[in-house]
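In order of appearance the chains are A, B and C, and numbering begins at 1 in each one.
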Amino acid sequence: MTKNNLVIILLLIGFFASIFIGLSYGPADLSLTELFSHNNFDILRLRMMRVLLGIVAGAGLAAAGCILQAVLKNPLAEPYILGISSGSTLGAGLAIICGISSQVQPLIAFIGALIATMLVVYLARANGAISIHSLILLGVIIGTVLSGIATFLISISSSQALHGIIWWLLGNLQIYDIKLLMTVSILVLTSIAVGWIFSQDLNAISIGEEEAKHLGIDIETIKVILIIICSLITGAIVSACGIIGFVGLIIPHGIRLIVGNNHRIVIPAACLAGSIFIVICDLISRAIMPPVEIPIGVITAVIGGPLFIILLKKYQRIRQ
Amino acid sequence: MNSLLELKNIWAGYGNEPVLKDISIRVSRGTFLGIIGPNGAGKSTLLRVASRALPPSGGNVFFDGADLYSLNPKSAARHIAFVPQSITVNFSLTVWELVLMGRIPYLGRLESYKQKDFRIAEEALKLTDMLHLKDRDTNELSAGEKQRAIIAKALAQNPSLLFLDEPTSHLDIGHQVDILGLIKKMNQETGLTVISVFHDLNLASEYCDLLLLLHDSSVFRHGTPEDVLTYSNIEAVYKTVVVVKHNPITLKPFVFVMPK
Amino acid sequence: MKSTKLIAVLFVIFLACLALSRQSSSGAEKLRIVSICPGTTEILYALGLGEEIVGVSSFCNYPEDVFKKEKVGSFSRPSLEKIVALRPDVIFATGLEQNESVNMLREYGCKVVLSDPKNMDELFESISQIGRLTYTDTEAQSLIDKMRLELTTIQDKVKKTPYALKPRVFVEIWSDPLMSAGKDSFVDELIAQAGGVNIARDAPRPYSIFSPELVIYRDPDYIILGYMQSKNTPNDIRQRVGWSKITAVMTDNVISDINPDILLRPSPRAIDAVRQIYQRIYCDKK
């Protein structure tokens, strides 16, 4: 147990350090004293919003990844698996093509995500129980169908709209709307807290649905609750940031390798690690090639990809 | 009520075709009951219905007089434990962590394990002779060790009724004797009621007080191994010729296979 | 007699063929032009070549007359079949997004002329070239002279302002992601000609993603919106977090009424754009 306490402390230190670094660096070359002076308050505020969104997105995606990997008993599960990525892409794509104002776009993306998930869950129900095999399969199928429609729409759109959609697909933490930021933050953080409350149930489910039933867990209700929570978290994040890949997949694995499988610790640790990861990736995306901002999905993929391969190799060795 | 478990007019199945048709049984406290029968006769289904895992489409299950399916899930889990054939774990989980999960029925959602839980888990590991392996990853255990770990988890639930689904099908003869011996010991020393599905008729004969022979979704015979394991019963149900003698030491019925 | 009738019929048929061939041969003298580049389309019309144009892209929208022309597809995806079916003598295109189509047309044996003017001199060069290819040299020259004259008038006025005092301008090409025009872009040239300083000069590509933080930091005096008003009004810009203190926003100098077409398109109307920008950043002082 003490090892886990140490890990949490290290993560907390990393968390605050990353916030500090994220605020200090950016395309505008300002020293700390300059940044905090009255003149540059607007830049500071912009960076604070981005860092906050980064924290929320990182924590949310990591938590949703943990929960889905446990519920679906599939180590390759990640937050977008239940059709969320394609549903929201279709929503956002439609919004961009129809020229809907940027204030309403996130809502359309969110609705798209939720509709897709509801469809997947509804179709996966059989005999009053939700089959997790069906969930994964349907997630892929519905995801492909919706992606196809979205791709078609993109192909007939103007090139300006195309930029917008590609930008959205690769994820970004650019945010102007403080109301959106607050709504997303509250929604995501509350949902994470609720998910964490079900840690015990998640622990039981991860050794098997039947096993969990025999330990007194009400499987079907819990599954529905947890899927709803993950959809809310991911849908909200996607509506504000577009699609940021890899976080929801590798952070849970990495954390489990270090702290074990008790979700009471895994979820908070994953949230901290996810936040650190995204805040640092966002920093890189802003500071590496000014004045251009590279979409954050590119950075998470470039760093996350190799990291995942390393983790996978380690995982394979353990399984031998 | 002397019977701990009662199944009354149970109809159950998956989808349209019922696997169990109008089954009624009573199991008294302290019994070691073996469920035998050909594949597809409904053994596993019966086990699932009786252990609160599969609601029947008709009839009722009573546990200690109360309707099993109306009980609060966690409170049912404090009395009833289930040992499956095997479990797959996709990540690294130590034996200790696995066995501790048996204490979940006693904890509120936000409660952590307490000293009492650690003590009981340790006891369970001692009983199953797994204490020395408590920090080992479950994926690194042999089949026999893994089965003992799963039994330890079930014992940590402190049940009064233990279900087992073909507990020794993956095990070699030595481990079979170990595990069944352990269960029998618990049954005799603590009065633990045991209901287990058996594939092997002779193991069932050796260890069980009573046998339940299932055939065609119904109860064919319910009685002592002497009553149930007769050549005519076995021929009628398994459609194969056998000769039934007795174990020279234990005197329990022993079924000899007659090749065609 | 039968043979006489036969000769008479043959003679009539012969005359008819002559007449028809006359028609087509007089048609063959006229140039057949396809332009899939909106800027070039405007230049062609300005040179009086409206009749010769047989096909345009769906993005070509000026002058009004162009709507009567045959459409050969969108800007980024022109229909090669349609173009070839129109039997053009020359096709005008741009080099960037239309590269693939251009290569395929050339493999087909079509004559394709590219124009990608990055600044005024290149635009004049391009007009000249078009004039040569379409035998409208005189018209081309007079158009160039007219444009040059107006430019010089403006340049004389802005010459006097030293660099440090020139108005700082940010052109927002797109909002989501935030995009602006770097050097080597035509927009950058327009701003320079109008006597302004483009704060996005260091962006690596002509049309590039730009960091909002830098817009705040570099504090432009004027912000010009390069897209349709309906997408984002100046009010939306004002409400962006952190943008309220930008000089352009505080002095109500978010300009959304310059037609984006003339801003982004190298064409004779570019001069209008320069004039409008100049007027807004030098004359309409609030």
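By definition in this document, contacts are C-beta pairs under 8 Å (C-beta built on N, C-alpha and C of every residue); 3 or more make two chains touch, one makes a residue touch a chain.
Quick caveat, the model's predicted, so the values are computed rather than measured.
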Identity of the most central chain, Cα criterion: A
Contact pairs, highest-scoring chain pair: A-C
Length of the line joining the C-alpha centres of chain A and chain C, rounded to whole Å: 42
Separation of chain B from chain C, taking each centre as the mean of its C-alpha atoms, in whole Å: 81
Chain B - residues contacting chain A, complex: 14-15, 51-53, 72-78, 80-82, 84, 87-94, 97-98, 101-102, 104-105, 107, 109-110, 112, 137, 139, 157
Contact set on chain A toward chain C in their complex: 26-28, 30, 40, 42-43, 45-47, 49, 96, 99, 101-103, 105, 158-160, 163-164, 167-168, 172, 174-178, 286, 289-293, 295
In the complex with chain A, residue positions of chain C that touch it: 74-76, 97, 174-179, 200, 202-204, 208-214, 216-217, 227-228, 230-232, 236, 239-246
Footprint of chain B on chain A - complex, ascending: 73-75, 127, 197-198, 200-201, 203-204, 206-208, 210-211, 213-218, 256, 260-262, 264, 318-319
